[in-house]
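Across the two complexes that follow, chain A remains constant while its partner is chain B and subsequently chain C.
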Partner chain A sequence: MKVYVCVGSSCHLKGSYDIINLMKENIAKNGLEDTVELSGAFCLGKCTEGVSIKVEDEVICGVSKENFNEIFDKYILKK
Partner chain B sequence: MNNLCTEIGYHSLFKHGEQLCGDNVEVVEQGENSFVMVLADGLGSGVKANILATLTSKIISTMMAANMSIEDCVSTIASTLPVCEVRKVAYSTFTIIRVVDNEEAEIIQYDNPFVIFMRDGKSVDYPRTAVEIGGKTIYKSKISLQENDIFLAMSDGAIYAGVGKYMNFGWQRENIVDFMEALYHQSYTAKALTTLLLDECDRLYGGEPGDDTTVGAIKIRKREPVNMLFGPPQNPEDVNKMMALFFSKEGKHIVSGGTTSTLASQYLGKPMTSVLEYIDPEIPPIGKIEGVDLVTEGVITVSKVLTYAKSYLTNNEYYGHWSVKNDGASQIARMLFEQSTDINFYVGRAMNPAHQNPDLPISFNIKMNIVDELQKCLKQMGKKIKVSYF
Partner chain C sequence: MSNEKQIQNKTPKKLRKFDTKVQLLKYKVLREVARHAYNDTLLESFNDIAKVIVKQKTPTMRCCIYKERAIVGERIKIATGGDKKNPNIIEVIDIACDGCPEGGYTVTEDCRGCIAHRCEDVCKRGAITFDEHQKAHIDKDKCVNCGQCAKVCPYTAIANHKRPCERACKIKAISTDEETRAAKIDYSKCISCGACVYQCPFGAIDDKSFILDVINMLKGSDNNNRYKTYAVVAPSISSQFSYAKIGQIIAGIKKIGFYSVVEAALGADMVAYSEAKELAEKGFLTSSCCPAFVNYIHKSFPTMVDKISHNLSPMGAIAKYIKDTDPTAKIVFIGPCTAKKMEIQQEPVKQYVDSVITFEELQAIIDSRDIDVTELEEDVLDNASYFGRIFARSGGLADAVTQALKEQGVPEEEFKLNAVSCDGIEECKKALLKASKNVLPNNFIEGMACVGGCIGGAGCLTHGDKDKRQVDAYGQEAYEKTIKDSIAALEKIGNRKIDE
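For the complex of A and B:
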């Protein structure tokens, strides 16, 4: 499964750095290193709604530290 | 016209306790590839010396740039400089280095330590012809230039460094030659050479220079063009035109901006990969596209580059950071400040609606200001800049 975290200007300012670290932590915690391929993406075109991530072909916006667990659960763990 | 260009760097240490420097350096361009650098050291120190040095260097550089003879320059100075009440003389020593078409250097010296000329990292002696002008002995030399030639002009503060502190007689010109040969590296810029020598003088003076100390360095180097693409064009139909012009340019290519790099990747037909690692939490990670030397995020990265550029021109406090780190801003800084001689900017004026948010420090106006300010800084570094807007 490919997961991208946007590191464009807007998302960066809204906290891409923290989201990437949370992603890494949670992927390791759930032993998903072999199934999830994490990488950065430059601008997913949803600048107003950042932080944006992309799981396979689906773009998910408005990811924050607060809702991270919920989103990780819904889009990555359950798939 | 050859493929060489000239890089100039100069800086002064003030005599301890003085607020003005009694040395002055002036650089005047003569067309695209020729210029005159004058380093003058006024008699004494403080305000009097400062006036003498400023007048001398301004007068000589202006007159030489207008192709007037050295005889005329010297007699003009002799009759213009105010006479010192205490010493009853009007006096300022000077060194003139004039580079013509990046092919030949003419050196004219009056009473400053002789210019050090280095070729491939070794100091080379050069012939000097003595000429009497108005009772002053002036030495003239001409040298044909090659890539990596270096000229170091200095005021006598440089060779007095250390007198009575670490050495009885200061370090002599030979010691400076040894020092410069030992640390020589081809990658050092004129500015870096100046800083290295002055730092050593300052150390020998124990941080309290006993005289104004000035170094002016000239380095002959090969032209290195760097091209930088920043922002998508205002009119989406111009994308191909902008990309075609940008990628057809010789030299290195930097692409800055999320949308911009996506467009570049589409134009080249090569996928873009983003490196996930945040080397510096403040600077977004870089990306990679085959055929592009460096891909970075846009406005945050470039505004950091501007911060580095401003400090480079003053106290250079961030040098230890950007000269070694591999985040996007540091890499751009190295390419623009150190490697390049000619920089072509391709600036797109598209407005990203998402950025026009008062909470975000990345609005369109801010972006255009960054480009303007960065250009000014790079010009001050002696780079030849061209900017095209789309």
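For the complex of A and C:
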């Protein structure tokens, strides 16, 4: 599974690096290193709704530290 | 009307965009070429462009409007890629060269006919003679233009009549063509820094433009659906476009069709980090960021080539990173530099960066679309740290490497940085000469071909004293304060390391 985290300017300012750190932690915690391939993207085209991530072909916006667990659960763990 | 109102009306609405009228002329040609390229009317409009730029009936630049138009024709050729058979980025427009006098050292009216005759004493060639009024004369057959006489004259009465292009070219790649008397570039020496382009008062030397490639790339992307076009912008942008906010320029870049704008300074962060590592390992390096400096080593100090840092330039590093995340991406570097156009013709950068345009050319493209950036809503640009951003000015790279060594915790007993920041190619030459003879006390040469660093680049719109302060201020605005913070997250992405 390919997961992209947007590191473009807008998302960067909204904290995409925190999301990357959380992503890394949670992938490790769930032993998904071999199934999830984490990658960066310079802009996913949803600058006003960041932080944006993309799981396979689906773009998910408004990811934050607060809702991270919920999103990780829904889009990555359950798939 | 009150006084206040009158003053307001007199103040121009926008600040001046360029330093000189030569730049303005070049810009007009680029803008018209861009306009026709967008409209697919370039072929049939080739001759019309000259008439748009020289529309008056009496000449303002040359002997007649026909010569003016002929020269504009040559400018159009360079604006559309120039002589395809000549790979050198910088070209002379023969018919635009005014064949400036090249008298060398000459005694001027200011000579007082003194008794001391320091000029005579210092001249080793016996080239100075005196007339019946005790005024000095230089025998051109004997004079070798060493300039000693000019240095010792108490009245500064001896002037050096050198062509501005030759004076600008500190590496002596410009001479006079014996036949045409026009300026001639020795391509085996030229490092594409563009100093002569900026200095020629007649605009007779120009850098080839690849705006057509960029416009075609933008048009061909079908609004970034077929592939995405990324703009990588140099940190010196902070000292440019003073009539608008940086955020508005970023919005403008997207408006002309770029998908995303990324700071080259993030590449600079990556470079600083791995350059510090390489330096601590090897013990001596020269920087690899400035393509003109690197090219100079290759051409004039071939024995020093193995001392050049193996890092890509910041432009190359960030472009490689973007292409790793988006393999079909097209990448255009936008900066102050004419030598970058040469850098992307070479391995290994060739595969990462698709085209290069200067700030001058960006301005021309934006204006060709009739976009008023001052009316656009500000967009954001933030990817890099303070240290990546100050690469734009002389001394910034050395500061960043110092910081990276500190962040990496390299103990001083293991490696202590002693950098020399060479501001301009003349200083680079001195340091390289010493290093090639093993008498340079420093262990790191930061080489910047342009005086002041990138902010002195030939493709800048303006060159001013305030530019350095603006770069520093822009650096301070960075969200990440350390290099590690800036690249750590990227390092975590995928299983690759930045310096691989």
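Operating definition for what follows: the second predicted complex is superposed on the first by the 79 of 79 C-alpha atoms of A that agree within 3 Å, B and C clash if a C-alpha of one lies under 4 Å from a C-alpha of the other, contacts with A are read in each partner's own complex, and residues count from 1 in each chain.
By definition in this document, a contact is a pair of C-beta atoms (placed from the backbone, for glycine too) under 8 Å apart; a residue touches a chain by one contact, two chains touch by 3 or more.
Computed from a predicted structure; not experimentally measured.
Undergrad: I'd like to know which partner A:Cys43 touches here: chain B for first, chain C for second, both or neither.
TA: Both partners, chain B and chain C.
Undergrad: Taking the superposition on A as described, I'd like to know which of chain B and chain C A:Ile27 touches: first, second, both or neither.
TA: neither
Undergrad: Look at A:Ile53 in the shared chain and tell me whether it touches chain B only, chain C only, both, or neither; answer first, second, both or neither.
TA: neither
Undergrad: May I ask you to decide whether A:Val63 touches chain B, chain C, both, or neither, giving the answer as first, second, both or neither?
TA: Neither partner.
Undergrad: Figure out whether A:Tyr17 sits in contact with chain B (first) or chain C (second), or with both, or with neither.
TA: Touch status of A:Tyr17: both partners.
Undergrad: In the overlay, answer first, second, both or neither for which of chain B and chain C A:Ile76 touches.
TA: Neither partner.
Undergrad: Return the residues of chain A at which the contacts from chain B and from chain C coincide.
TA: Looking at chain A, the two contact sets intersect at 4-5, 7-10, 12-13, 16-17, 20, 38-43, 45, 47.
Undergrad: Hey, which residues of chain A end up touching chain B in the complex?
TA: 4-10, 12-13, 16-17, 20, 38-43, 45, 47-48
Undergrad: How about chain A: which of its residues touch chain C in the complex?
TA: 4-5, 7-10, 12-13, 16-17, 20-21, 24, 37-43, 45, 47
Undergrad: What residues of chain C sit close enough to touch chain A in their complex?
TA: 230, 250, 259-263, 321-322, 325-326, 379-383, 479, 485, 488-490, 492-494
Undergrad: Can you name the residues of chain B that touch chain A in the complex?
TA: Chain B residues touching chain A: 257-259, 261-262, 272-276, 278, 281, 284-285, 287, 295, 297-300, 352-355, 357, 360-362.
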